[in-house]
Structure formats: structure tokens, C-alpha cells
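Two complexes come next, and they have one chain in common, chain A, joined by chain B in the first and chain C in the second.
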Partner chain A sequence: MGRYVLRRLLLMVLVLFGVSVIVFFIVHVIPADPVGALLGGNAPPQLVDQMKHQLGLDKPIWAQFGDYMLGILHGNLGISLKSNRPVTQDIAEYFPATLELAIFSIIISVALGVVLGILSAVYRNSWVDHFSRIFSILGVSMPVFWTGLILLLIFYYILGWLPGTGQLSLFTIPPHRITGMLLLDSILTGNWEAFRDGLAHIILPAAVLGYSATASIARITRASMLDVLRQDFIRTAKAKGLSGRVVIYRHALKNALIPVVTLIGLTFGSLLEGAVLTETIFGWPGLGRYIVNALLVLDYPAIMGGTLFIALMYSLANLIVDLTYAVLDPRMRI
Partner chain B sequence: MRGDLLDVRELKVVFYTYRGIIKALNGVELWMNHEERLGLIGETGCGKSVTSLSIMGLIEQPGEIISGDVYFEGKSMQKMSMEELHDMRGKKISMIFQEPVSALNPVMRIGFQVAESISRAKDIKIKEAYPEVLKMLELVGLDSKRTASLYPHELSGGMAQRAMIAMALSSNPKLLIADEPTSALDVTIQAQIMELLDELVREMGNAVILITHDMGVAAEFCDKIAVMYAGNVVERASTVDIFEEPLHPYTKGLLKAVPKIGQSKELVGITGTVPDLVNPPTGCRFHPRCPYAMNKCSQKMPPLIEAKPGHHVACYLYTQEGEHNAN
Partner chain C sequence: MKSITIEKRGKLRDFIARRKPIIEDWKHTLYLWKSTKLAMIGTVIIVIFILIAIFAPIIVPYDPISSNMSARLQPPSWDHLFGTDQFGRDIFSRVIVGSRIELWIIFLVSLISGGLGTFLGVVAGYFGKFVDEIIMRITDMFLAFPSLVLAMAFAAALGPSLTNTIIAISVVGWTVFARLARAEAMKIKKQPYIEAIRAVGAGNSRIMFLHVLPMCLSPVLVQLTLRMGTIILTAAGLGFLGLGVRPPLPEWGSMVSDGRSYLVAQWWISTFPGIAIAFVVLGFNFLGDGIRDIMDPRLRR
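Coming up: the complex of A and B.
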């Protein structure tokens, strides 16, 4: 087990190296001028040269790459051109909000998706199954920005049931920052007003972000459940005289969840990345919006740093999934 | 009542598939007494397994029992409530299957799976069943403590079948259905498993339905034999009578196709092939392959009548009186 984790961690380093190479070259190959974006089109040439030198952009690209890699090894992702702070510090500030949103939406999607999946497998071709099918097709085919806008239109603009954008209302006093996750901090500091307000704010973005995940989890759970229900050991369980409920929840579910767990891990990774659109629509102060803003002003270090960080989270999520796998399925013991 | 333990009457089961309706059981008649051992033999696809699943009450979508009934100790299963049915499976009827490894849940330890059966049969908590689990595993000749903590994929086929037997017999059922319990195992293991089953059943006094297409195994293990063909029981008699003087042309053909040691005669097969049960032959389903077929064979299925004391057969060759009665 220990050796397996170690091997996986080493592999992860390789993957991250690959990601940083790709991101670095994509960012540097696109014909854009960060210095121009920073100083404006009319800056005097000396200032431009000085700025290029300061940012290391006058060096050949290999040297720049070497500098960047060396920085990463020291945990230094460079200085953001926009905020003038270390990128790592920016990530530490913005990531908790994204993480909170992702965790909230994965909880919603797993709970809803697994239940829908089980119901539509057990009551195959009933109205539950049809509802779940339509719900899922919509979920995987509607783009996040569209669902987001429609839900905002309905629940915020027309019905007025839920607040619009941001993490908190204007006049709510935010909790003292401990973890950076607003809901968690509200609980830790006992700021219940902020907790309630924060909860109302997170529902819509979390639902939007988690919708397609819910849909795919529901479909995979259904397919996997149907497959398991056809197996010999289910017949054995029934032949033992166990009730339908015990057969499904004790005997079938654990087997059926094995592929679902894989999907949940991959989904969690894509939630972090999907947050880019959702956060922009809902004005959520997370890493996704940070990266979008960085793109708009050609803030190279921030783009690269943010992307690399998300890749890191993605790999970690996958590692956790594979370890969970071993717990669920004894045939996979490492 | 013909059998005081089990009486299957004119059971018809169909399966709805894309290809059409499979008429799997076409009025099966089967009965047996307590502590009797009945061999159910016939070719693959003749309805042996469907019969056994019907007795367990396990015919599910897309299958359906369209008529007939199964009486267990005189009680109609069609009229049983869900709870009664679960109770009957947990306490009175057990089953072991052909593929022991895939019949066990891959993510649960053997001990737990046996404990589950015991807790169901004796209405105790699963945790309280563990001493009994070890006893049962020992009874079937397994290293009880070690095996209890293993997962199915860590067992060989023979060990897994022993564990299945432990599970099935832990409720000391009135009836044990063994659906080809040895056909997935090595020959040497087959003998061991049949011996074990023989010994345990003799001790505990369970009635057994042994489903097999191996005539040798059936001859050795069973008191009575029922021969099935294409969804019907065509002949039922004591094991001796079946092998010494088979009456039904199908049984005769079947026995001719079994090789015997010391006999150099060429084996004789039955001409033709097993019928497609979506469009089965009319009348007696065996008539297109039968060397003695008469006109009426293709018109109406012959009833299962007692041709000699204790020897039942469904064939017009033996039904002179039966037909007079019918007319």
C-alpha cells in the first residue's frame, strides 16, 4: 500500500511536469504582448525594454522555461503581473472559495445522482426512470453558462427566492477568515447569520456546477446497478430469503458503486475546472474567476500557476479515488 | 396430494424476449416426498433450471408463471405473500448453483455470507451467528477460521462450492435444490463434492432435487428420476426403473447415448435437434424426433399417466385406457 502510494506520487510528479511544459509553451507561443497589455500601447520603448528585462522576457525561451521550472521546484510560481503578489499567495486566497463550491456541488450530485440511479434501475421503465433519463440528458447537454443564466433568471430575477451573485449579501458581515471557506468559517466562528446568507448564495452556483455531474452519476449508477442485478450472486442473495431491500442495498449497491466512485473522482476534478464558467456567471470569488481575469490581462504567471494547481488537484482526486477503489473491491487489494 | 413435500402442478412459464415468447415450461408435473432425492435430468435448455427457480419463487421479469402452481407442504406458492415467500426461501428451501464462485458476492467475506443465511434462518443477529458459521464451515471440510475471513476470489471452485453448501444447509432446509452443482468443477473435485453432499444430506435428512445432465451422477445419488424434455416432465420413476426399463422413447434414446465401459458398440444419438421453444412443435414436443410417432402425437400433448405402479410417463404408447377416459 505504502509503495503503491509512493509510486503514484512519483507518477503524479511526471504528469505535473508534462502539464507545466504544455501550459508554459502554449502561453508563450500565442502571439500576445503581456508588456503591452500591462503598460498600454503608448508606453515609451525604454520602459517597455526595462519591463521585459524585469520580467525576464528578453531571455531566450529555453532560459525562461528553465527559470520557471526552477521556481516551481522551490514552490515559487512567479509574481502575478496584475496583483503584484506571488501567484501562490493569490491561489491560497482564491482557491478555498472554489473548493467550497466544488465540495458543496459534489455532495449534491452524489446524493441526488446515486439515488436517482438506484431508483431508475430498480424501477426500470417506470416514470422515475423516464424522469431521470430526461433530467440526465438535459444535464449533460446543456452548457453550464446557459443553465446558470436560466436559473438566475428564474430563481433570482423572476421569483426572487435566492440571491443573485457573490458569496454574501452586501450588508452581511463576513466571518473572520480561518480556512477561507466561508461556510466553514461561519460555523467555526459561530456567525450564523453569515452561514445562512452564505448557504442561500451557494445553492444556485452549486446546483449549476453539479447538474451535469448529477446527470452522469445517475446514468452510470443505473447502468452499473442493472448489470449487478443480473449477476449470479444476486440470485443467491434472493435464494437466501433476503428481502428486496437488503438484496439491493447490502448486496448490489456496494458492487454497483465501484465504477461510480471512479466517476466521482474524475467529476470532482472537472468541477474544479468547470468552476471557471460558473464562477464568472455567479461572481464567485474563486480560482476559476481568478484565472479568467488573468487571461483577460495576459497575466502569464497567474495563468500558468492556476492551471498547474488545478492539474495538481485533479491528480490528487484521482489518487484518492484509486485508493477508495481498493477499499470497496477486495479483488483490487494493493 | 401426490407428494407430501412438493407438488408442482401443470406449471407453465414463459419468457418475453425480442425474439418472441419462449414457452419454457409447458405444464410441468413434478412431486416428491420428505427426505426423497429426486434427479431432474435432460438436455441443456429443457427447463430444469427454470423449474427449480419456479420452486424457489424466483421467476422474475421477463419471465412469468402463466398457469399452474407449486405447492410446498400443501401450501400454494402463488397465494403466498412476499414475506411468506422470503421466509420459505430462508428457512425451508435452499439452493446451490452451478458456478460457485460467481454465486458468491465478490465484495463480502465468506463468513459474513454464511452468517447472513444463518441469521435469516434462525432469526438472530448476524454477529451472533458466527459460532454457527465456523461449525458449518468445518462440517463441509473447510479450514473454518481462515475461510471465514476470505473473499470468494481467494477460493478455488471446489472450496467455493463447499462454502455454498455450508450456506445452503445452515438453515437445515426441508428441500435442497442443487442446480448442476459439479459441472463447473474438475472431475476429481466433482466426486468429492457429491460425496460430501451425500453424507451431509443423509445426516440432516433433507430432501434434494439434483439437477444434472450427467446420468451417472444422477444414478448414483438419486432415489427417483424425472426426465425433462423441452419444457415437460416426460417420465418419472425410481432410479432403477428408469435405467432398467425406460418407457418414454426420449429416455430410451438418452440412455443409448451414454457410453458404457466395456462396450464397444457405437453410441446412438437421437436424431434431430432440441426444438426452438419460441415455436415449439404442437402436441408432444418430442414427436418430430420420435421413431414411434403417431398421428395424434402432433395434435395433443399426452398426459403424464401412471403406466406401471410408481412409473409415470407422458406418451401415447402407454395411454390406451387414459385416452378412453378422455374420450
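Coming up: the complex of A and C.
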């Protein structure tokens, strides 16, 4: 096991090196013009040259790459052109909001997916099965940016049941920043008004994001549940005279959920992806929106730093999945 | 003369007899497809989508591109089924013509990413060792990103346009096919008939592309079908963020974005293109779900 973990970690370092190369390549070799975007099209050439010199963009590409890699090794991702702050500081500010949204979405998608999956399996090929499959597939099929808009229209503008965009209402006093996760900070500081308001704000984006990730979980739960229900120990349990309910929840479910556990890690990846769009719709101050804004103005240090960080989180999630698998199924340790 | 026809007929009968297992297998698959209702519904949706894309110029009642300021922001009516947008363009016409853009994106992205992935996968699986190691590590690097984030970065760096959207999504999407084709190629190259072909004197590239690659195609094609919904969602997401297809081209995602600031009073601008995306993606996902059912040996029983 130890050797396997070591091998996977080394591989991840290699992959992350490659990831930095790809990110650097995208931003520096492809003909986008960050200085032009920064200064506007009509800037005088001297100013453009001066700016390029200031940013180190007049150096040969290899020197730029060297500077960049050296920076990464020192935990320095450069200064954002837009916010004029170190990118690492920006990430530290914006990532907790994304993480909080992702955690809520995972809870929703797992709860919904497991319930739908069990219903599908137990009532296989009945209308319950059809309904729950169609419902979960609908979730992955609707574009999250559109679902978000429509839900905002219904629940905020028309019904007025839930608050609109952002993490808090305008007049709510935010809690003192400890972890950066608003709800957690509210609890820690005992700011219940902010907690209630924050909870009302996270419902819609988390529901949109969570629903979009439900289908794969429901699918795996259904397949694995059907598999377990066919096995001998279930027949034994039934033969002993246990009620259907006990057999399903106490005996079958426990075994059927093992593959689901590993799927949660993969879901985290797809949530990071969906967060980019959901955060844009809901004005959520997270890393996804930060990257989108950076891309739109070609703020290249922010693009590189943000993308790199997302890739790091994504790889970590995948690593955890693989390690969990290795623990659960020793055959995977190759 | 007569004997020749008989000989031909005999050959044909022989041909069919030799392929009987293949035909039986197809028949079985067809039967499974028919018994999977979701797959059938999905296929119907996709066929409708393709027909609409083909006949779009005949269907559309109005010009989808040029603006008509006297008819702006009209609600849905019999004249304008889906209403009009802030430039007075008929949204129904734009959605219909937009289907051609989405279909074009799906087609080209599948072709490029499927082709590139299969090529690299077969090369990696066939040669193994060093070549395999390099190609697979590159694949890992691309897989380390959530695909939308990487596609966004490519699209932004290349500049927003239809061509660049296609390039960005393809560059991100080939990895899945590379992994699949590699696994297949590794299995196939150990088969005795490959050894036989080599003994006859065929070179590496001939064996690879004429004898190994064709055998890798069916899993790749299945996977392509499963990915098509995602391709539309990615393209629409890029269009929505302003990093993909640019207005005035009626790409559905960018149309949803067009209506964002009019959402409260003129809900129809964003709503209908969004329904179009959901409808088509639903078709592909239904088909995909059915295919997974058919291929899953546990559910096949």
C-alpha cells in the first residue's frame, strides 16, 4: 500500500508539472494579446513596450517559462493584472466560497441520487423506475446556466420565496472571516442572522449544481443495487423471513453503496466544472467566477494561477478516489 | 452463363452464412435497443434534431441574423412563435438555424477528437513501452483539468469564434478516446492473425492502420455517442460565457446569454434556446443511457 501511494504521488507531481506547461503554453504561445487587452487597442506603442517590459513579456519565451516555474516552486503565482494583488491571495479569498458551494451540492446530489437509484432498483421497470431515471437524466441534460436563470426567475423575481444573487443580502452584516466559508464562519462567530441569510442564498445555486450531478450517482446506485439484490445472501435474508424493508435497507444498501462512495470524488470534479457557470449566474464570489472574469480580460497571471489551482484540486480528488479504491479493492494496486 | 449466376448465388449464400454470427449479434442488439424505451425515445429526438438542422432554411419564417427594430421584444404569438429579441429577430428562426451550428460543432468535434484520440491511442497501444508511456502521461496531463475549464482557457486564448470553439473542445476531448483505443490496440496486437500478417511481411504502419485500428473503432464510436450531449453543453457554456461562438450567429448558449438582462420582463428570449439545448442533450443522454444498459452485462440478463 505504501509503495502504491508513493508511486501515485510521484505520478501526480509529474502530471502537475505537465499541467503547468500546458497552462503556460495556452497563455504565452497562443496569439492572445494581454497587453493590448489591458491598455485598449489605441495605446501608443511606447506605452505597450514599457508595459511588456514591466511584465517581463519582452524576454525570450524560455526565460519567461523559467521565471514562471521558479515562481510556482516558491508558491508565487504572480500578480493579477486586474486586482493588483498576488494571485495566491486572490485564490485564498475566492476558493472557500466555491468549496462551500461544492460541499452543499455534493450533499444534495448524493442524497437525491441514492434515493432515486434505490427506488429505481427496487421498483425495476415500473413507472417509478422510469420516472426517476428520466428525472435524473433531465438534470444532466439541462444546461446549468439556463436552469439557474429560470430558477432565479421563478423563485426570486416571481414568487419572491428565495433571495437573489450573491452570498448575502445587502444589509446583512457578514461574519468575521475565519475560514472564508461564510456559513461556517457564521456558526463559529454565532452570527445567526448571517447564517440564516447565507443558507437562503446557497439553496438555489447548490440545488442547480447538485441536480446536474445526480444522474451518474443514481445510475451507479441502481446498477449496484440490482447486482446486490440478486446475490445469495439477500435470498437467505428473505428466506429467514425478514421484511422487504429490512432486507433492502439493512442488508442490500450497505453493500450497494461501496461504488457510490468512490463516485463522490469524481462528482467533486464535475462540480468544480459546473461551479464556473453556476457562480457566474448567481454572482457567487468563488474561484469559478474569478477565472471567467480573468479569461474575459486576459488577466494571464490570474488565468494561469486559477486554472492550475483547479487542476490541483481535481487531481487531488482523483487521487483520493484511486486510494479509496485501492483500500476497498486490493486488486487495483498495480 | 447460367453456371456463373449459380456460382455467384452460391458465393452470396456462402457470404451470408459466414457472417451469420455477426448478423445474429446485430439482431440481438436491435432487439435490446427496441426493448430499451429510453434509447428509442432518444433516437427519435436525435432524428428530429438532425431533420430540423437539414431542413432549417425551408422551415424558418424570418431572417435569423438581420435586425428589425420595429418588431423588438415581442412576446410569443402566432406571428413569432417564440417571440422576438432585443434586435427584433424572430427567436423561433434563430433556434431552428442554431440547430445547424450545434450539429456542425458535434460533427467536427467528434471527428477531430475521435480521430486524434484513436490515432494516438492505437500508436501508444501498438508500440507500447516508451511511446506508450509518453502518450499516456500526456493524456494524464489533459485529464488533470475539468474539461470545461481547459476548453475555456483554450477558447479565450485563441479568441472567441465558431472555429476556435471547435478546436478548443476537440483539444480537450481526445483523451477518452486515446485511452479506449489504446486498451483495444493492446489486446488486438497479441492476436495470432496480427502475427500472421507480420510474417507475410507487412510493416508497422500497415498493420497498425489497416488491421489494428479498424478493430478499435466500435468502442470508440459508442463512446462518441455517449459524449455528444457533453459536447453541446460545453459549446453552449462557452457561448454563454462569451468565450465561444459570437453573435450574431445564433448559437443556443450565446442566445441564452443575450436574454439575461431581459429575463424578468421578456422571459422568452433566454427560455426557448435553453429548452432547445435541454431537448437535444436529453436525446443524446437517453440514447447513451440505453446504450450503457445494453452493454452492461449485469443488466443484460
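Simple rule for what comes next: the second predicted complex is superposed on the first by the 298 of 334 C-alpha atoms of A that agree within 3 Å, B and C clash if a C-alpha of one lies under 4 Å from a C-alpha of the other, contacts with A are read in each partner's own complex, and residues count from 1 in each chain.
Everything below uses one rule, namely that a residue touches a chain if its C-beta (ideal position, glycine included) is under 8 Å from a C-beta of that chain, and two chains touch if they have at least 3 such contacts.
Since the structure is predicted, the reported quantities are computational estimates derived from the model, not experimental observations.
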* To do: With the two complexes superposed on chain A, say which partner A:T280 touches: chain B (first), chain C (second), both, or neither.
  => second
* **chain B versus chain C as contact partner of A:I137, first or second or both or neither** => second
* Asked: Where does A:D232 make contact in the superposed view: on chain B (first), on chain C (second), on both, or on neither?
  -> first
* Could you tell me if A:S120 is touching chain B, chain C, both of them or neither one (first, second, both, neither)? => neither
* Considering only the touch criterion stated at the top, classify A:K240 as touching first (chain B), second (chain C), both, or neither. => first
* Which of chain B and chain C A:V23 touches, first, second, both or neither -> second
* Comparing chain C with chain B, which touches more residues belonging to chain A? -> C
* Asked: For the complex, which residues does chain C have touching chain A?
  -> 37-38, 137-138, 140-142, 144-150, 152-154, 156-159, 229, 233, 236-237, 240-243, 253, 256-257, 260, 263-264, 267, 270-271, 273-274, 277-278, 281-282, 285-286, 289, 292, 296, 298-299
* Structure fact -> The answer for chain B against chain A in the complex is residues 56, 58, 82, 86-91, 94-95, 97, 99, 102-108, 116-117, 120-121, 151, 153, 164, 167
* Quick one: which bits of chain A touch chain C in the complex? Just the residue numbers, please. => 11, 14-16, 18-19, 21-23, 26-27, 30-32, 130, 133-134, 137-138, 140-143, 145-147, 149-150, 152-153, 157, 215, 219, 223, 226-227, 269-270, 272-273, 276-277, 280, 291-292, 295-296, 298, 303, 307, 310-311, 314-315, 318
* Structure fact -> As the complex stands, chain A meets chain B at residues 231-233, 235-243, 251, 254-255, 328-331
